[in-house]
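So, here come the structures, one by one.
Both of the next two complexes hold chain A, though its partner changes from chain B to chain C.
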Partner chain A sequence: MFRGVMESAKEFKKVVDTISTLLDEICFEVDEEGIKASAMDPSHVALVSLEIPRLAFEEYEADSHDIGIDLEAFKKVMNRAKAKDRLILELDEEKNKLNVIFENTGKRKFSLALLDISASSVKVPEIEYPNVIMIKGDAFKEALKDADLFSDYVILKADEDKFVIHAKGDLNENEAIFEKDSSAIISLEVKEEAKSAFNLDYLMDMVKGVSSGDIIKIYLGNDMPLKLEYSIAGVNLTFLLAPRIEG
Partner chain B sequence: MLWRDVCEIFNKIEKTTKRLEKRDYFIKLIDMVKEKGKPEDLKKICYMAIGRVYPEYDERELGIGEKLLINAVTSIGIKKDELLEKIKETGDIGLAIEQLKSKIKQASLFFQPLTVDEVYETLKRVGEIEGEGSQKKKLRLISSLFLRASPIECRYLARLILEDMRIGMNVPTILDALSVYFNVPKEKLEKIYAITNDIGLLAEKLLMGDLESEELKLKLFRPIKPMLAQLTPSIEEALLEMGRAQFETKYDGARVQIHKDGNKVKIYSRRLEDVTNALPEIVEAVKNINVDKLIVEGECVAIDKQTGKPRPFQDILRRFRRKYDIGKMMKEINLRVYLFDILYKDGVSFIDEEFEKRRKVLEEIVGYENDWRTERKRIEKELKSDKIIDISYKLVTNDAKEAREFYNWSLSIGHEGVMIKNLKAPYTPGSRVRTMYKFKPTLESLDVVITKAKRGMGKRKDWYGSFEICVRDEEGNLYPIGHVGTGLTEADLEFLKEEIDKIIIRDLGEEVEVEPKIVIEVAYEEIQKSDKYPCGYALRFPRVVRFRFDKGVNEINTIEDVERIYEIQRGRK
Partner chain C sequence: MGVQFGDFIPKNIISFEDLKGKKVAIDGMNALYQFLTSIRLRDGSPLRNRKGEITSAYNGVFYKTIHLLENDITPIWVFDGEPPKLKEKTRKVRREMKEKAELKMKEAIKKEDFEEAAKYAKRVSYLTPKMVENCKYLLSLMGIPYVEAPSEGEAQASYMAKKGDVWAVVSQDYDALLYGAPRVVRNLTTTKEMPELIELNEVLEDLRISLDDLIDIAIFMGTDYNPGGVKGIGFKRAYELVRSGVAKDVLKKEVEYYDEIKRIFKEPKVTDNYSLSLKLPDKEGIIKFLVDENDFNYDRVKKHVDKLYNLIANKTKQKTLDAWFK
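Coming up: the complex of A and B.
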């Protein structure tokens, strides 16, 4: 059995919206401690990982299950969430469906047919990154929007004094500079100067769920995938993005 | 099975122009699959070798197109202007991407080499994506393949995506390779292929040692290649060979194959295209046939209600090519299908049964025989009727004089001549058999393809005025057999100008060389021996009878046909 209740369906909708920009389907690995899931995007340029500890739920009860979800369908259902709806997710083992229930003045129930996909063998690798930057989510998001004006990729640079987001088009360019002591930077731990380029389209997809007040943790190194972490309503999201090679 | 290994052999196949060498390299590929892969890999590789992802009987297309392909590779770092320049330079998107592969700048998180499975399944998935955000999803799936592909792998990926492999492989060559490798007579494989119309499935079953598989047998909604008739020089000669035979009116219409399962009906053209939507009134009439599962063959004829005579063949083809406004066309044309053979009924295949029995089963279904000798009055009365499903008019005889009367009668009601069928013959899919003849008043017209067009002069100065026409050999090579300029209206010339300008390969000044895509039917006064053309023959006074939109270049007449008609012609003098 699996049943979880969340206070805000709207907040969870952000999670689904974000991961469905990169994935078509995902397998929720459910157990007593919570939900885990990870998958590579179809182009194999990005990896998405999600962890929902049981503490994120108001109520939680579960055995071990693999729940294969069609994210296109799930996203459509979550679009129906209202501002004050609570969200109930429960597994109907008899019919092999996931019930998605919005509870407010009444209950609205949707049943999603489950996909037969096994738990992903893809996990976020244990990589030692030399540099970790914690930055305010809306500041990072705005810098990416600026970069989008002129380029389809962005260069991220970090040294011990600052974190820079740089975009260079054929004729125009733009730069957002965050000094170590700027209000947007929560912390800047740089052991090795780094500079890498990343596809902007994927980055924008990854930060879609970020709200003002959220904090993003960025792991950056030379010739290494970018790692991004942030949370939405207790749901921990981790993304990996392969670099773009300059030359 | 790695995509890289397949591409290396595709490259060798592409580099040679010799058909036997292409076959031999494909044999190496089969052996490689046997060693390294699984039967399903061979199935996929056979489709890919001929530029397909789906089996031949399946009409679906990937629908990716050049624009999306270009966007996919430019999204991962190749500059668009560099790509367009390289495409112009090489004339092939695959070669262009291969040469620019080093410009791809996006890294991948996935470091395993591409497998045949991954290429195949990814492209199938792309073909199925639709709805909101589908372009972006398609683009990412396509780019995922190029990110991981080596330069040569990129070349064949691009061509496969555009469903045009350009290595010169075709079904006959694959059948040859399978025949040699598995030591099975090619005729046997050709027969099975004609039933399945699925070269990949056949290859897979051979590798599994399962040539008796039910999947290789007749199946509803998987159309099979039609049995084809030989031309006979005379009724007497045919009767001498067959003894007693069944004569049928040879209709001036379009051949159709009809599949029925309860209320589901599908109709296929002689090229096995799905023309169901173009023939709604036939579909409704077939639904009323009181048999649950059925595969039958017939000729679809457009009938003039005033005269009861057939309207021109083109009126049917206009319908087949039409995708909209069917209702309007239904008012203009009255269609009738003359059923003439049955292949399958309620779980039983009839293709190995004698024709006499097949005909009896068909007559039981229709409810009458249309025996010309005994039912002639009713038949003539019904020529002008609204009947939609009928059965071919028949005469069973060994008397040449009586057969001649039936022949003249068939011509008098506006049809082409007669079919002459051996009552003991099984149905042989895809073959031109000596158990079924056609007899027509004139020398058989020839289906040829246009390969060059000469600019017009005088009244025709705004169009092309004359056209080099070719027949083919068994290997698919084309041979000029004449030039034709007569039989064309101004509307035809206008149409040809437009169509030819789309397929020009080279501009030679006074004339242009074109891709062999426009098939026409030509009549002529006679075939002459000629050293002017490498094939050894020339057509005297060729005249265009009609455009054959229903045929592709692999269906035009062969040099062998020309030789046969030449001998018939000599026999008449």
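Coming up: the complex of A and C.
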């Protein structure tokens, strides 16, 4: 069996919104510890991984299940969540459905068909990163929106003193500079100066669910995939994005 | 079908080389119709999968897009949204023409005149909403950007060309000129003829008229919004009326929805909500769609998928995560 109750459907909507821009379907691996899922996008450029510990739920009860879900349908349903709705997720093993229930003045129940997909064997690879930057989510997100004016990719740079987001179009350029002591930077640990280029569309999709107050942890190296980590509503999200060759 | 300017405006024969390194906006519906009528078996029937569903459009979208990318031309596909109300009459006429052709085709088949049947078969080309949706799906698997126009695709494509986001509009029709596209390229998605470039400035200078005048000439000759135009007036007569400065008065009298038609061309519904960036293709997804679901030849598709992948990887310089999973 599986049943989990969350305080805010609206918050969980942000999670579904974010992963559904990168993936079409996902397999949630449910067990008594919580929920895990990870998958690469079809072109193998990005990896999405999420972990929902049982503590993120107000009530939680589960044994082991793989729950395959069409994310487009899940997103549509979550878009119907209202401000004070609680969220109940429950597996109907008999009918082979995932029930998504919004509880407020009454109960609104949606039943999603389960997809026959097996849990992905893809896990976030253990990569040693030389640099870790913790930055306020909205500052990072705004910098990416600035960059999007002139280019379809960004160059992320880190040295001992600062973290820089640089975009270069055919004619115009943009740069966001975050000094080590600026208020947007929570911490800047740099072992080795690094600089890598990343596709902006993917990057913006990855931070879609970030709102003000959220903190993003950025792992950056030279010619390495970018790793992003942040949490929404107790859900830990990890993203990996392959670099592009610069120039 | 659009306005029939063909013989009256200056055109230049160009080569694929002239378009090298450029982005172009393809009038999607226009190209899909072409694929549907031209990508056919010898007996004139379209390509089909084993379920009998027509697949000519997918063939065109797949191979033509790769062909353009090979020539370092980046195609951005633009599809129609909601048509303007005034187009209903044109759509109805087209439907009726197809129904007639279908009848004649069936008669010919009965008489076992297959040459005649093939001729009519080409005119019976229904582009179903499912085909269009599948073409968009195929493009997304291929990593090729497409744009959903709020209304007319040609208007959206022209807007993107005016903004400078793309270099030209690709269409067999001339209507993009009326929407103010600085350049229209014909024959790019066909195989038989050399590509033709029509430049709006050159057209207007050559005729010594304004864009507004050109739209008036088109309305005289007939557009998608007033099929048939004003009876008895062709390009030459329309041009004379425009040059003598009486065109607007005549049009106001003769064309019922003159102001509305003008507005469709001059203030079309367009959107800025689009992305022009290529993405790495979903190799397995393409093979599943074309080979497993639509019975394309595996070897040929596989070869082209690999080619597509390399072309986009080189262009976007995007790496994959695969190297970190070994």
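Just so we're on the same page, the second predicted complex is superposed on the first by the 246 of 247 C-alpha atoms of A that agree within 3 Å, B and C clash if a C-alpha of one lies under 4 Å from a C-alpha of the other, contacts with A are read in each partner's own complex, and residues count from 1 in each chain.
Simple rule for what comes next: a residue touches a chain if its C-beta (ideal position, glycine included) is under 8 Å from a C-beta of that chain, and two chains touch if they have at least 3 such contacts.
Computed from a predicted model, the values in this text were never measured in an experiment.
On the superposed chain A, the two partners chain B and chain C do not both fit; they clash.
Once the two complexes are overlaid on the shared chain, A:D161 sits clear of chain B and of chain C alike. Shared-chain residue A:I127: touches chain C; no touch with chain B. Look at A:E32: by the touch rule set out above, it reaches neither chain B nor chain C.
Judged by the touch definition given at the top, the superposed model places A:P225 against both chain B and chain C. By the document's definition of touching, neither partner reaches A:E59: not chain B, not chain C.
When the two structures are aligned on the shared chain, A:V45 is found in touch with chain B and with chain C.
It is stretch 278-286 of chain C, out of 152-160, 260-268 or 278-286, that runs into chain B when the two complexes are superposed. Comparing which residues of chain A touch chain B with which touch chain C, the overlap comprises 40, 42-47, 152, 197, 199, 201, 225, 240, 242-247.
By the touch rule above, chain B contacts chain A in their complex via residues 75, 77, 105-110, 122, 125, 131, 137, 140-141, 143-144, 147-148.
Within the complex, the chain A residues that touch chain B are 24, 40-47, 72, 152, 197, 199, 201, 225, 240, 242-247. Those residues of chain A lying in contact with chain C across their complex are 40, 42-47, 122, 125, 127, 152, 197, 199-201, 224-225, 240, 242-247. Contact residues on chain C toward chain A in their complex (touch as defined above): 141, 143, 275-277, 279-282, 284-285, 316-322, 324-325.
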